[in-house]
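In what follows, chain A forms one complex with chain B and a second complex with chain C.
And now, the complex of A and B:
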């Protein structure tokens, strides 16, 4: 393997890592705040991608892509906000909340996937990337758009982190995640904050979906893979800090692109799952953190 | 001690028998292939979901690799029957071996993890399994799977011929065997260990339940029948494809399980018919089918987390309550003369703060004695006392709400010791009973203690067939002799056999001589039994003990030497027998209802006790 190929694989791994970071952070934020795993996260990615595709069909050009991103992210935020009241809030006080939420979000994923199938049909689609030029990067020829995606993804994560740390809403949200009862006693509207969390998670999923949709083909069931990858990332990284799943996302992305090169396409997911089980056995709290449940 | 009657003596026996016979005869009516196919798929999902319930519902292990057992069964069958080419039946029998092996491997990480991590590791394990299957395309056919798997045959007879009648009966047999296995397992020592570990892990461990072994057993035992179902599925559809790892199978099986209700075997079986039936019914609607099924699932988990089985129980309970209430209303009029003959006086309905109660009051006499009957009984239990003591005392007895000829009441508010004690107080006020002597039998003994403990007017207190409780629930096994019939006291639904057993042990006299009391067992609102027992834990037992210890109220215990429930040694402990009360009085040769079985001896003792005061 030459240096050029190495750079290429590394860069594609890093790009994957950026996308995984975006998806996994959405999942991790919901897990740490609401205390449930959202199995509709993959469907959020799918729906976000399809909405962006729809808008970019009607508005052409680079400007159209921006509008598509903005529409998709906004609509998905609203959808996530509303879905909290249908999928998770009803079982908040139930002792089986984790299991019931798994079921309700799986059902929601099925509804979204089938609605996408009904509306857009089963055929593969691709969002036209707004930038098609390539640049030379240490000898490897890499799409300029890849760098843009990586940049936007990291910027979005940075923005989310700032939002959680610096704004009043973000801080109350973290307070509600850390101690729900105390937050309620202080007069915070916890259901609304939780709904905002699911909305933010859906919005990041949509953003990831748009990027995936402009890199690869999308179809109604393509969200299953991002969901599994996000699960792996969250487990590998843990949720001790906001950044834990982000680091893990890059590890997973790089491992995936190298194992796909050396072991083949079929073995690279198996390797990731084996890694995940090993981490769960040896360090269940994740590679990048200690066992706790805070943002 | 666990009360586990043989299945043919429980309430479930008849419905299960009827359904089984219907399913056995169904192929003679349902002759076309498609309906039979639907039923076969129903049976497969019923096996999958009810066995999943073993680990998820009873064991509390949220195992999302359950479909992996099914997939392993399917691929084991496919590889052994097609690639290696052994007899299909033998291949089918081999399937549990590999699934149990996978279950053992799975148990290793699960043992170390809890909660959501179990879900995640099991999902990962399934994915890993899928990747292995897909990557070994030489043996498994990779992503496209294997087709034309060998069919099951008996001799030369193809089970698929005659519109699949052979497969129908094999599938039905598989479901019946799996259900029998689960039913027996749940009632065995292993089943109890599994549930104990779920309900209170550390207590179970401290009582000698091995966590590692039990969890390993739970997973292994839950793998056997799904693997057989998987092998059977392969032989039936003749296809093994990686689709079995997909979300479709998982969602359907999980929705069957949750729709039916966790920790109930029957719920899964019922829900399999509903979910698979619905899904076959909507088969022509494509995506709309999946959407509507998902909406039904969300609707059920949001509105009715207990599932269909709980809903059925609720309906049955409502029916039972309406029935018992109707019986009470009917007997209030129709049986009035019989009761008046038994008691020597007619009863009347009196309004209290906890509903109307039927009261017998002799109205004359200086000193009043109030009699409180026990669980699932009625005021006519005291008929001998009403005849013997009415010349000297004013006697009052009443039917607790939901008992005898009193109407049913609100289960949440009215069926507990505090409510019953308040009813006594209301009667004292309304009928102007002064400071009565209160006598309580069995559950009524606790009502009497509670009445005294609440600081109500009382001149003396006697209990019969009741062990005082210092701390609940620790003293229950000390105060009573563990007996299967103790469990019946708090059970909502009794089968006819159980009603008979309960009546026999509490009344102690045959049905011919005590028809009213025996009828009362049949009439009692099941909710009254369940609620009164469930709410014992909210009672202030220390307050009751203070009444006994301080001796401010003259107190005695009168028990029968042959009482099947009472632990006499416990009752004789000095704590309950202060200088004022003396030792508990034991009447020879009588059982739980001393005053009914040996009225002369009881009346003499009871009269002496009252006259001493």
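And now, the complex of A and C:
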């Protein structure tokens, strides 16, 4: 393998890592705050991508892409907000809430996927990328848009982290995540804060969806793969810190991209799962951090 | 006759299906400081948590400034083991209403938010009361009340000692601009030095005229702070002792356990 090929694979792995980081962080934030795993996260990615596709169909050009992103992210935030009251809040006082939420979010995933299928049909679609130029990067020719995507993904994550640390709403969100009872006694509206969390998570999923949709073809069930990868990322990295799944996402992205080159596309999920199981056996709290659950 | 600030009428509650306290009636007037004393595990915390709205009352009424805070009527027992009945069961009291009314509960041994700094916690604390006057002044007062906290301003709650955590808890309660403050075992597990420091702070809070309900196991601490002592035993109020004949520790033990101690 030449240096050029190496750079190319590494860069595509890093790009993949950026997308996984975006998706996994959304999943991790819901897990640490609401205490449930959102199996509709992949469907959020799909729906976000399709909504952006729809908008970009009617408004062309780079400006259209921006409008598509903004629309999709905003609508998905609202949907996530509302879905908290439908999928998770009704079960929160049940001792089996984790299990019930698995079922209710899986149901939501199925409903969303089928709604997408009904509305947009089964044929593959692609969002036209706003930038099509390539640049020379250490000998490899890389899409300029890849760098833009990576930049925006990291910027969004940085913004989310800043929101959680520095703003009052973000701080109340973390408070509700860390001690629900104390937050209630402080007069914080915990259900609303949880709904905002699911909304933010859905918004990051939508952003990731738009990027995936402009890199490859999308169909109504493509969200299953991002969901699986995010799951691996969250388990691999742990949720000890906000950044834990982000590091893990880049590890997974790079491993996936190299294993796809050396072992073939069909073996890379198996390799990732093997990695995940190894980590579960050796360091069950995740690779990055030593505590189990914080925000 | 002045109207009571807080009034409990025949209140019962517990952790379903276990009943913890029954038929508790109590009224606290404006400016009054009440102590609640009773053996461990007899339901003082459960009672206060029910008043604060984090647990559902089973029966009876909670009135604050004449306004009823909990739903009317008895809580229904679970009727079916097959139906997911919890799904349809409404909460019978809303903690947010209670906080909004100004009835503030400072939890026993509160862990608060382990990963947040003292500064962050105190920053979000006044959200419930941010429209009420005096929050800014209260913020300054916190510094004088708990000088110790200033040194720990940027430490995470996780790294604080029990006493410091207790101070943050009380500070959080104060920043909600309470019209009645309920303190649950503020001196639990504190060294004598810290206990003195804390009782000094509570005394200062008392001076500001905020009515208090204090639960504590330390009789000297309690009797020096309250106007009225309520003895709580096996989930009911067994006796009320006015300020004039506040008992010593030994006398109190005599009253509660008939000289067994």
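Everything that follows uses one rule, which is that the second predicted complex is superposed on the first by the 295 of 295 C-alpha atoms of A that agree within 3 Å, B and C clash if a C-alpha of one lies under 4 Å from a C-alpha of the other, contacts with A are read in each partner's own complex, and residues count from 1 in each chain.
Just so we're on the same page, a contact is a pair of C-beta atoms (placed from the backbone, for glycine too) under 8 Å apart; a residue touches a chain by one contact, two chains touch by 3 or more.
Fair warning: this is a prediction, and the values are worked out from it, not measured in the lab.
Contacts of A:94 after superposition on the shared chain: both chain B and chain C are touched.
Which of chain B and chain C touches more residues of chain A: that partner is B. Contact with neither chain B nor chain C is seen for A:139 once the two complexes are overlaid on the shared chain.
Once the two complexes are laid over each other on the shared chain, residue contacts for A:168 go to chain C alone; chain B is not touched.
Residue contacts after overlaying the shared chain place A:182 against chain C, while chain B stays out of touching range. Using the contact criterion defined above for the overlaid structures, shared-chain residue A:121 touches neither chain B nor chain C, since it reaches no partner. When the two complexes are superposed on chain A, the residues of chain A that touch both chain B and chain C are 90-91, 94.
Chain B contributes residues 56, 62, 108-109, 112-113, 115-117, 119-121, 123-125, 127-128, 131-132, 134-135, 247, 250-251, 254-255, 258, 262, 286-288, 290-291, 293-295, 297-298, 301-302, 305 to its touches with chain A in the complex. Only residues 31, 37, 86-87, 90-91, 94, 96, 98-100, 102-104, 106-111, 113-115, 117-118, 224, 228, 231-232, 235, 266-267, 269-270, 273-274, 276-277, 280-281, 284 of chain A touch chain B when the two sit together in their complex. Taken together, the chain A residues at the contact with chain C in this complex read 90-91, 93-94, 168, 171-172, 174-175, 178-179, 181-189, 294-295. Here chain C touches chain A in the complex through residues 52-54, 84, 86-87, 95-96, 99-100, 104-105, 107, 110-116, 120-121, 123-125, 127-129, 172, 176, going by the rule given at the top.
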